[in-house]
Structure formats: C-alpha cells, structure tokens
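Right, one structure below, let's go through it.
Going by the order they are written in, the chains are A, B and C; count residues from 1 in each one.
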Amino acid sequence: MKPLFTLKDVSIDYGTSPVLKNVSLNFDKGKVTSIIGPSGAGKSTLLRTLNRMNDHIPCFRLRGEVFFDDENIYNNGTKVPLLRQNVGMVFQKPCIFPKSIYDNVLFGVRHLCSGRKYEFPRIVEEMLKAVSLWEEVKDKLNRSALELSQGQQQRLSIARALAVEPRVLLMDEPTSSLDPTSTSAIEELVGRLSGNLTIVIVTHKLDQAKKIADDVVFICEGKLIEHGMSENVFSNPYQQQTKDYLRWHLCKC
Amino acid sequence: MRLKIGFICSLMLLSEIVFLPLSTVGAEKATIKMAGSTTVLPVAVRAAEKFMAVHPGINITINPGGSGVGAKSLGNGLVDIGMISRHITDEEIKNFPKIDFNVHVIGRDAVACVISSEIYDAGVKKLSREQIQKIYTGEIDNWKKVGGPDKSIFVIDKEAHRGTRHVFMAYIFGDENARTRGADLISGSNNEEQTKIALSDTAIGMLSHAWINKDVKGVGIEVNGPVIEPSIKNIKNGSYPISRNLSLITDGEPAGFAKEFIQYILSLEGQKIVEASGYVGIK
Amino acid sequence: MWALSRWRPGRAFFASSFFISISVTGIIFIFLIMESFPIFQHEGLGFLSGSEWYPGEVYGALPMIYGTGVVTFIAVSFALPLALGSAIITSEVLSGRVRLVIKMMMELLAGIPGVVYGLLGISLLTTAVKNTFNLIDGNSFFTAGILLSIMILPTVMTLSEDALRSVPKEYRDQALALGLKRSETILYAVLPGAIKGIAGAVLLGIGRAMGETISVMLVIGSLDRIPRPFYNIFTTGQTITSKLGREGAEALGVGYHWNALAGLGLILFLTVMGITFIGNSIVGPLAGRGINNKMKQKKR
C-alpha cells in the first residue's frame, strides 16, 4: 500500500540549532501512528510539519521534501488552507471559542462550506456522537462551550476538527491535560476513528502509545531512531537507544 | 509659497498662544505682570526687553488675549498693568466697581479694513463705509459688486471683546457691539487674523494697520468722495477715520516698578519703540 | 502596632492617588455645577436648546453641542477604519521588531501636544481642504474633524492593537488548523475576541476628540451657528472646547457669560466622563485578561 505521507531527508531549524535532522519517514493510510520520544526531541515539530503549522513560527526553515498524496506540500503553489482541511489537528490544550457548543462544532464548517447550511444541525449531531459527547450536551447546545469540563472540551475540539471531514487527524499530546476518565475516553475514540481516518498522535505516555498505535516512531534529539509496528518496537526494539528509552526513559543519542 | 507664508504666520501665532516667557526664573526678583491687547503687545514686549536689560532685578511677564482680557485681568487683580486698544466699556466699569481704571495712552493706531492681496491686486483698492457695512451684514457677498473679481467674499469677524473690533464696528455700524450676520469666521488675535487672511484669497477682515503686509492689504476708505489710505501720515494728521488710542491701564495711580515701566514707554526712547512697531507716538 | 504591621507602601500609594484623583474630579464637578447654576436658572432649558449666543443678552449652547458632536463623528469615522486596519496589520502581519517600532512611533505621536497639530492644521490642512473641495476657505467642521482623526489615530490604533494582541494565540492556531485562510482567521477568530477592546479604544478616542481644544479652535472658524442645511460640514462652526478657549479668559470669574461657559464645561465634562467610564469598564477587564494570558504562557 502506498504511504499517505512521505518525508524525504527533512531537516528543520528555527534560526539556531536544528530541531529535526535528516528525517526520512512514511506514514501509512488508515493507521494510527504514535510519535514517541523524550521532551524536546522534536515530536511536535515533526507533527506540525505535516500540516505546515510551523510556518507561523519566526525563522522557521525546512530542507528536504514532504509529500502528501504524492504532492510536495512545501512547494510554492501549495494551497495551505486546503491542505489543513485535509489534515486536521487537535492541540494539547483544548482551544474553545467563547461561543456556544453548537457554534464551536461548526466553526470550521461554517466558514469553509457555507453552502451546506441546511446540513448544519445534522453535522453537529453526527460529530458530537462520533466523539461520544452527544448524550452529555444535546440539551444545552446553545450554552457556552466554556462551561464544559476539560475532557469534554477536548472531545469538542475533536468534533470540530472532524466536522471539516479531514483525511488525517494530527493529535499533539491530546490527553496530557486531562483526567484518567477523559483520557481513556479519548484513547477509545482514537481506536474507533482509525480505519477511515489516518491518525498521527504525539504522546509521551508509552502505555498510551502501546495501547492505541499500529505504528510507532521514536525520535530523539531531532533524529529518527526507530520506526516500526507497535508490537515489534515495544517487545523487541532494533536499536539500543530505543531499548534504553523504553526501559530507563533515558536517551543517549 | 502660500504654504510657507502659512507656516511662518502660524509659528508667529504659536508665540501668541503660549504664555510669553520673557522672564528668567528667580524668586528674589520683582515681577510686573501684564496682559491684554495683541495690538499693544509688540510695543510692550520690545519695551520690556529693553527695560529688563537696564533693570536686571525686574521680571516682566506678558500674556496676550485681547483688550477684553486686559481689562478683565486688571479688574480681577491678576495683573499690574492691562493693555487695551480701545476705551474701557461701561460694562467693564460696572463689573469692577472697586477698580479705579487709570488709562495711560502710549500711542495711536489705525484699524484698517484688510483684504486678501489677490483681491486687492485685482482692483479693489478702496471701499466705502456703506459697502463694508453691507459686506458684514451679508447683503454684498461677491467681490464683483464692489469692483473686484467674480468671487465669493469670505467675511472674517473678530471675538466680541477685541479692541480692534470695537473700534472698527463703532465706525462701520456706529455700534461697537454690532452683530454681523454675514460673518463666515471668527478670529482672535491680530496674528491669527493675519494668518487666516493670508491663507485665503477672497477674505475681508479688520487689523491694526501695523499688521498690513504684502499678503494682507489695507484698502483705502472712501469718505464722501476722497479715498483715505491707512498710513502713518493719515493717522498723524487725523484724516483716517478709524483710529484709536493704544493704552496701558492700571488700578489707580501706578506705583513702583509699574510706574517706572509706564514712564519708560512714555519717554523718548519708549516712543521710538512705539513708532518702530508701526504706530504713531503721542508726542 | 497592628496597623503598623499592615502598612504596605504600595497599597498606601495606590489609595492616596486613587483618593486624590477621585476628589479632584469631584471638586471639578461641584465647581462646574456651582458656577453654571445661575445660567440654568436664568435661561432654563433654553440654554441647551437655544442657538443664539450674544454675551450680555442671550446664551444658547446648541451650536456648540452640535459642533462637538459633528466634529467628533467625523474624527471617528475617519480614524476608526485607518486605526483598525493598521492595528490588524501591525498585530497580525508584521514581525515583532517592526511592530515595536511602529508602536513606539504611535505612542510618540500620541504625545505630541494639540497646539502642534493645530499649527500644522492651520498651515497645511486648511489649504489642502480648500483646494481639494474647492471651497472659499479651508476652515470648517470637516477640517477640524480630519485634524482630530489624525490626533486620535495613535490612541485608537495602539489600544486596538493591544486588544488584538490580547486575543490568545491558540484561537489563531485553531482557526488556521481548521483550514481557514489568514484573512478569515482574523475576521472570525481574532476580531470577535478583540471587539470589546476595540470598542473601548474608540470610546477613549472619542473622549480625547471631544476634549481637544486648541487645534480645533485654530481650524473650525469659531462661528456660533448650526450650518444650513445642518449636514453641510464644509462650513465654519464652533465646538464647546473652542468656545471655551476663545471666551474663557475674557469672561473669567463674573457674570452670566462666565456661568454660561461653565455650563458648557459641565456638558462636556459629563459627556466625556460618561464615555471614558464606559470605555474603561469595557477595556479594563479585557486588558486584565490579556495580562493573565501572557503570564500563563510564561508559566508553561
């Protein structure tokens, strides 16, 4: 099967020291890929490379090539907004607009495909059901979304990202600010969404990666150390550094 | 060119808006405070500079504002000497019953009817009293009707308390508080009015004759046939019809340094300053 | 002893400056009421509705009230689009260093005294207005409004920019990540979050425009009249402040003339206080939120 994303010899820096060094990597369609590694390894940078969210950081510079569906997304002609519609993103901290729950779900859709107005109620219901939030909020769709709990807000963020119907969902440590119940709700959600959707998730919790990922990418100090099927990487890593990291949470790269 | 004129004029205006800092700071110095007519102002400023050079122990601060402000400030005891370019009105005497207004005439001046140089050069060299009257009531609103080009007249009036206006209106309307329905703009000091007229090319206004220059021309006044120009000669021989005394006022007899200063202006040297300022001395 | 242990210089300083500013405002207010009382007794409501002003005879404030309103309206309608546009560009497009330079320049501009603007206005703007609109003369409501719009531009711009900056960065990222274009992000995610701050900035700008005296006095023409037709803004008029500037010194202290000017002052005082109060109560909490956000970001 052809990979969805292909990174060829990608290096990134923000003006000073390199953050990613010569990373070459594929992400497969329909799978859940988890990026693991110590903090500061460049996990978020790698993730944000896939929807060009790094562009807004001053002095950002990228060498190498990133292909999405055989198209180099760092070409001059790339329509970045269109790319981001296809490659959705969920952030570490849920970002909720000071609007109603209903309007938050529709925030992207409303401005991207305004022609589908009559479908809006259906989209809201469908998306909230997809993230298992419907039962909790169906009676207060017009209340401010800021009243929801952190966990509910994060699921609302996911619903909002899904409403744009992306093909890929990037998740940047989506459970790091959540309680255990909400965390397992989101882990379960990721399992349900995979298949139709390609998911790339950054996490620093190894058990979480083990639980939900098909593939695992281990990076350390900007270098790709190991990339393989989840069960292989966790049970029998190929590289010594991976072994050390998995056992001692140490990284000598 | 016009912009440059405007800019220079407005810089002059600045000096008038901001309090004139003639004094140097020094607590032990005696101070003479003055305020009032902007027509008398140049004389007072020049005389004060000379006077302070001779009397280093004295500060003189001079505030512009107009004759009304001069009378009012003296009435309220804010100044030692007021400057006026008209007589004290009955109302002013009534408002300050405790003040004994003592007028010291220091020179004579003409109030000229001034117009933009463009109009003057286009042929309006003289106006009669009736014509000026009609311009200020709005009956005549085009220069065409008084022998000039086909242009609307921009009528500039002055703040009601100004000495220049009192004298001008007293001649034109026979009423120093005359109302002017035809006015388009109200100005304050001589400098402001000069600037406004210089910047306009169709304006009429009233100014002390010392402010006449190449952009602001004084027209002759036609009195039953002959035309009398606003000139030093015609003020001196008394033929120019709109003339007035320039005065300093004090509360009762002046004393101390204020008395010395007034005496200085009345001296030969002081009268030279009056004439150098474009007015006529009294001796 | 207890009181001594509670002594905090910062708090005492704050309390005293608070007390001083409140009492000064209060004294001015009471002074204006007392000084203007006779004119309201003498003219009644005719003082507010009358359009004739001849010292010693009749005092009608309507032309001045009208002038202040018109001039302020013109000033805001020109300043707001410009200020908002440049605030958006500065906050959303330009890099940090350019932004700082622009902000610094704007704050410098805001500090230039009114009289300097007035002199530039009298020499440059009146001529420009006269030539552009082919008028007999450049002194007009319009000229004063334009001059004021230039004067309030820095205030409105810097405060709007602050409001835009205080919108959390997450909003922008979120909107961009959903596939919105840069312009849509500003329009739908940033502006709604800053709208209160911008409204406050405009109100403070209005306050400044209404209170500005000398620059208006030099270009408005100082004629106490409501133009005919009333929307003819290319003619001379009078504002409350220019009236006070022209006649204040001459009327000082005594008589109905003085009371009438105090009455004008009272009208202006109440209006500006009201607007500033509304402006501050809108801006205040929002500015606080902005600071909190920055602190949170630092902590992270």
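Quick notes on this one:
By definition in this document, a contact is a pair of C-beta atoms (placed from the backbone, for glycine too) under 8 Å apart; a residue touches a chain by one contact, two chains touch by 3 or more.
Small disclaimer: the values here were computed from a predicted structure and weren't measured.
In this assembly, A is the chain whose CA centroid lies farthest from the centroid of chain C.
The chain occupying the central position, as judged from C-alpha centroids, is C. Our note on geometry: chain B versus chain C, Cα centroid distance of 35 Å, whole angstroms.
Our note on geometry: chain A versus chain C, Cα centroid distance of 48 Å, whole angstroms. Chain centres here are Cα averages; for chain A and chain B they lie 81 Å apart. Residues of chain C that touch chain A in their complex: 95-96, 168, 170-181, 184, 188-189, 192-193. Looking at the complex, you find that chain C touches chain B at residues 54-56, 115, 119, 122-124, 126-127, 136-139, 214, 218, 221-223, 235-236, 246-247, 249-255. On chain A, the positions that touch chain C within their shared complex are 51, 53, 56, 58, 81-86, 88-89, 91, 93, 95, 97-98, 107-108, 111-112, 157, 160-161, 164. Residues 2-3, 6-7, 9-11, 13-14, 17-18, 65-66, 68-69, 72-73, 76, 91, 95, 151-152, 154, 157, 159-161, 177, 179, 183-188, 192, 195-196, 199-200, 202-203 of chain B are the ones that touch chain C when the two sit in their complex.
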